[in-house]
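Heads up, the next two complexes both have subunit A, just with different partners, subunit B and then subunit C.
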Partner chain A sequence: MISWSVIDTWIIIVGVLSAVGCALPGAYLLLRRQSMMGDAISHSVLPGIAGAYLIMGNREPLTLFLGAIVIGIVTTVLIRLVKHGGKIEDGAAMGVVFTALFALGLVMIRRAADHVDLDPDCVLYGAIELTFLDTVPFLGMDVPRAALLTGGMLLANVLFLGLLYKELKLSSFDPGLSDALGYSSRFLHHLLMVAIAATMVASFEAVGSILVIAMLIVPPACAYLLCNRLLPMLLVSAGFAAASAVLGHLSAIALPPVLGYEDTSTAGMMALAAGVLFGGVFFLSPKSGVLAQSWRRVRLGAQLLSEEVLGVLYRRQEAPGVSARPVLAPEELRRGAQGRTVEWLAGRRLVRQGYVRPVPGGFELTEPGLHEARRLIRAHRLWETWLVEEMNLRPDHVHGPASRLESVTGEAMEEELARETGAPAMDPHARRIPPAEKH
Partner chain B sequence: METRTDRPTTRPAVPEHRPAPASPAGTDHSPNAPISIHDVTVAYDRKPVLWDVDLDVPEGRLVGLIGPNGAGKSTLLKAILGLVPVISGRVAIYGKPLSKQRKLLGYVPQRESVDWDFPVTVRDVVQMGLYGQVGWFRRLRREHVRRADEALERVGMTDLADRQISQLSGGQQQRVFLARALAQDAQIYLMDEPFAGVDSATEKSIVALLHDLRNAGRTVVCVHHDLQTVAAYFDYVILLNMRVVTHGATADVYTEENLRKTYGGQLTLLSSAATALAQRH
Partner chain C sequence: MLEELWRVFTFQDYNTRVVMAGTGLLGLAAGVIGVFLVLRKRALLSDAVSHATLPGVILAFWASIALGMTGRSLPVLLSGAALTGLLGMVTVVALRRWSPIKDDAALAIVLSVFFGAGIALFGMVQQIEGVHAAGLTDFIYGKTASMLISDTVIIGIAALGVCGIAIALFKEFRLLCFDEAFAAVQGWPTLRLDLLLMGLIVLVTVIGLQAVGLILIVALLIIPPVTARLWTHRLAPMAALSGMFGMLGAGTGSAVSALFERLPSGALIVLSASAFFFVSLMLGTEGGLLPRLWRRARLRRRIRRQHLLRRAWELREQTGKRTFSARGLVARHAWHPVVAALELRSARRAGLVQRIDGGRWEFTPAGESEASRAVRNHRLWELYLITHADVAPSHVDSDADRIEHVLDPDMVAELEELLAREQEDTPPPSPHRLETPTNGGGNGR
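Showing the complex of A and B:
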């Protein structure tokens, strides 16, 4: 049995607060195709923190935030200068700037190391497990400092993104129009980068830079696959971020005993949980998920196959000397080698639409099925005629395209086709084009 | 604002006709011109793309901005809108600097300039045209929402208002951009290739809309590629290739000789029309 304590509660609270606080501005980075910027700033924050400490001589939140704001602006401006000066693309400019700043930060930390414990290891993984040790009184309770910091940061982000919702939406989608309407896209870009730098500083100590970067990118990526509008995307990002934090901590508690490990990094497990959730969304999302896409392919295959079946039955029936209704044996369905699922679906579709009924030895056309088949064959042969006459295709090349076109031919298109081809009685293969049905 | 809409559709019968300016500095500018471009030069990375452009765009005209690829047509529109820094010269909108006149300008950028996978709906995009009217931190009011919906109605996109923009065809995307500019209810419209990649039915309806705008007294400047239709669509043309080759009433300046100057001389009307057509596909 898992033993739960108030420590776990605080870990989850701090994890959720910082994850959600990162995911919200991270969504804008993703939409601006600047997710790399999160990576860049996460590295360059280091000299910001160290510099602020060296100058101010303390590590109060205010000091660190000042450092973050300065470094957010410096990074953004430097990247722009390097990009334009060196005429190189975004990613390379970011790489140059953030590695240089990161190196600078390491040197500065060494200098500061005599005075503080700014531990590079801690910057990477954080110390979420230890947050409960450092508490401050708040509203009559002893609250971990990290919870206050990350909570304040989340609140600030919600305010920032809420107040500038329309401005950020516009400048992310169409910076040109944003500038033309008087909302400077460069200014908004800087604001966003400062917000992200501040968010990072607030979260670093607790959860470390790996989790911060993961939360900036992964939950918004999940939401992007699922959402059609900006506000839902922000809310869903927040939801995934929170879920990653909770699931991450639960598995950090539950997994090590099962797998026989001693211990594991909670922040690492939270990042891993986010990755697993993304994998799930990637496969299952109805919009672009792998599963949904193959299901759409199967359904389309079934539709085409069922139309082919109607066509085959109709052609048999129109052959000279045939009086009885032709029967299609089930094994004849297996023509296109499309797989069992497609065949089964095509058969079920035909029966459900009432176009065929089962008889001994297979299927035969019903009355409505005959009408539908005649309509399809008419469209097919009109298309063949049109393709030969208007597009100058060779008669032996038109069956394929006509088969695809027939299934999307509505009544109006059929009339138009008949008009353009002069409503002939025979198609290019000298087969009779069934006359239009009276409606 | 509305008074202009009600103006009679007749314009002075004799268009102000000016041959290509011999010396750019010699042009006299009217303080009432919707757009006055004074000796504007624009460069990207020290490579000049617009040289000494100096002209007034006359009011209430449907103006075609014509020139080969890379001639600087998009750059000229951006310079008017203040989206690219000018090295020298200035632009005045009805005699005043741009910063005071932003609300008078409606912009339809090239369709490829934005990410059509962005999670917004058709209605969201059209409403963006009205953001300039409420200012920082403010939300749109009900009246703005209504105006956006009216603009959608005018371009026949009401049924698709709640679609995500990634699910639109090229012609529909262009109509969304047009609706966004219409919602702004601007005096001056700057449109960058509004016919690129649209089907002929959409092209016809867009042309009709542009004529409506012009007849309501608005000034419309349109980057256009298809040389065949220039004379039918526009009553005024600016021929541009880094410099202004000439500008004036279509009937006066849209000649094969001027086109040859614009397109480098070696191209015949036919072959450049063919390239223009090819670029549209």
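Showing the complex of A and C:
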């Protein structure tokens, strides 16, 4: 069984604080299509930290923040320089700059290893499990230093984004207008990068750079799939970030025992949890989820198919010499359907609306079904007439467009169409247009 | 120290030889194939893929332990890496295809989530009894020194294969990089070619894991092509140069890491590749900083020289004398006397003007024709702007100023034909004279 302790509570608090603190500026990165800048800065911040440490000789938060701010600016400037010098795309310029800086940072750290207690591994994975070991008194209780640091960073980010809300919004959605109005989008970009570099430094010790990159982008990406407006998107990303942190730690201590291990890296699990949540949103989002998309496609297919069924049955009935109600065989329905779901849905729709009833050998039209079919055929043939007369299309070219138009033709539209075409009795193919019915 | 240096660079150590051959071949393959990656604007896809290999390495290690093997077999670990690397690439493509998520975010999501999963798995694998899993972290930072001859052979075969395919399909890849739509219209199987190219990227990433690690392998795929881009715009020389830069960077880096054993070798390889890049960014003939500055300075100098000649010519026209004075130039054009003096001096050195008695100057025959050409270009262009672009005569001077310096003889001939001017070698009269006869050469300033 999982044993819960105050340590776990603190881990979750630190995780939530840093996750939310990352997700808020990250949302802007995502909107500015600069997501990989998070990755780039997370790598290039290493020489900044190492350099600040080597120069100042301590690892106070202020020292490291200074290093981060410097490196945030240096990285963005270098990327721009390389991009323009080499006339290459953003991505390649980022790749050149951050790998070179990261390599430099690794060498600097190793050179200084004798008198510096900085470990690249620690930067990568963080040590969220150990946050409880380093506490400071705060408001009368022993609070982990990491919690204060990440909490402070979250507060700073909220202030930064709140104070510059309008400016950042403007420059994210329309940099040209922003520049024209006097809010330099480049300056705001630099500010945002500095904020992200500082957030990273605050989070490194606690959760490691991998979690930072994940929290910068993955929760905002979830929110991006669910929201259309900026403020809800920020709030939803914060929610997803917190949920990823909680879920991540829970699964880090609960899942491994199932496989026979003690526990695993909380930071890794938090990133994974964010990924799982994103996967869920990717499939289930009502707006743009994969399921919603394919459901809409299937439903549309079923609607079109059921209308086609009505049309086919009506045409069979109107053929000369047919007196009995014609029957549509199930195989015919299957042949017309794209896939089993569409077939099933179309059949169910027809029966439930009472337009067809099952008889031996298939379906036949009911009385309401006949009315509906007559309406559709009328619309179809009126459209054919209109397309030939008004748009000068050839009669053998109008069936397709008319089929698509008939399913979106309402009563008022049908009347107008009849008026415009002069309510003829025959369509261009010399078939009778059913007269309008009184409702 | 020197002795050590000598030993390393003359390949005396068996171990150094193996490592340098392996990393050099890796750099060659990565450089060649990276060119296509960078030109297809997918440079950072390699970053996502390389991070996505981590869970594969760990899972392969786990699986091989579970099957009773040592978990140290490189081919097994690398096939695991290739598997999740490909999965990561497919995920990026799927996110792009089926959601409104943009490219950059798809890359960042795949990168961080796959890597996080790898770290979480690693946390568990470490706890397996009696198994030394620590070596797995070598795949993150790379450990060149532990390269064996068998690893070098694997890298060599893969590298030669990659280069061979790149050469065999050079034409197809070029078409894919520069005009995918055209390639598709021509009937090339663009999707399959793209998949093959991405597959080769995964292959290079995977074989590079051990040498430089998954964080820095992306450097070998991006830095050499961008370096080569600074020297040429043609694809074939670019691919060759890029392969060479990759090989040199990797070779130099591993040689240096043989000297400084405590320093991380992957980082040294990347740093030496970046050193080549930095030098190219400064000196590269296509977009390098210094050549660009030099070209700009040369153009400025030419413009200043032409201004001097033209102004002297106009001054002469105005005064009707054969000679002109420095003071006259300064007075008419609000030039700083020092600047004018310097310009005159440099024109004299170039043999265009000469000093005669009484502090006055005159054109040499060479200067005469230079000046006549400069004035001619200026006035032809002014006339063109007035007659064909409907610009007011009082506005054409500064516009003409901008373009006259870059007119080549062909264009001048065309202008002449257009304006149907018959004067052979003498410049046409200034259009401003028609407007403001007293103001002579007409200077709007």
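Rule of thumb we're sticking to: the second predicted complex is superposed on the first by the 347 of 439 C-alpha atoms of A that agree within 3 Å, B and C clash if a C-alpha of one lies under 4 Å from a C-alpha of the other, contacts with A are read in each partner's own complex, and residues count from 1 in each chain.
Just so it is clear, a residue touches a chain if its C-beta (ideal position, glycine included) is under 8 Å from a C-beta of that chain, and two chains touch if they have at least 3 such contacts.
This one's a predicted model, so the numbers in the text were calculated from it and none came from an experiment.
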For this session: Please work out whether A:L155 is in contact with subunit B alone, subunit C alone, both, or neither, and reply first, second, both or neither.
Result: neither
For this session: Determine, for the superposed model, which of the two partners subunit B and subunit C contacts more residues of subunit A.
Result: C
For this session: Once the structures are superposed on A, label A:F102 by its partner contacts, choosing first (subunit B), second (subunit C), both or neither.
Result: second
Exercise. Which partner does A:K169 reach: the first (subunit B), the second (subunit C), both, or neither?
Worked result: first
Exercise. Looking at the overlay, what does A:M269 touch: subunit B (first), subunit C (second), both, or neither?
Worked result: second
Exercise. So, A:R33: does it touch subunit B (first), subunit C (second), both, or neither?
Worked result: both
Exercise. A:L230 contacts which: subunit B (first), subunit C (second), both, neither?
Worked result: first
For this session: Quick one: classify A:G182 as touching subunit B (first), subunit C (second), both or neither.
Result: first
Exercise. Where does A:F282 make contact in the superposed view: on subunit B (first), on subunit C (second), on both, or on neither?
Worked result: second
For this session: Could you list which residues of subunit A make contact with subunit B in one structure and with subunit C in the other?
Result: 33, 87, 224
For this session: Sort out for me which residues of subunit B touch subunit A in the complex.
Result: 45, 78, 81-83, 99, 102, 105, 107, 109, 113-115, 118-121, 124-125, 128-129, 131-132, 136-137, 139-140, 164, 180
Exercise. Mind pulling up the subunit A residues that touch subunit C in the complex?
Worked result: 30, 33-36, 38-39, 43, 81-82, 85-89, 91-96, 99-100, 102-104, 106-107, 110-111, 113, 120-121, 124-125, 210-211, 213-214, 216-218, 220-221, 224-225, 252, 256, 259, 261-265, 267-272, 274-275, 278, 282, 288, 290, 293
For this session: State the interface residues of subunit A toward subunit B in the complex, per the touch definition above.
Result: 31, 33, 84, 87, 163-164, 166-167, 169-170, 172-174, 176-177, 179-183, 224, 227-230, 232-233
Problem set entry | subunit C residues within the subunit A interface of the complex | 38, 41-44, 46-47, 95, 98-105, 107-109, 111-124, 127, 137, 140-141, 215-216, 218-219, 221-223, 225-226, 229-230, 262-264, 266-271, 274, 277, 281, 287-289
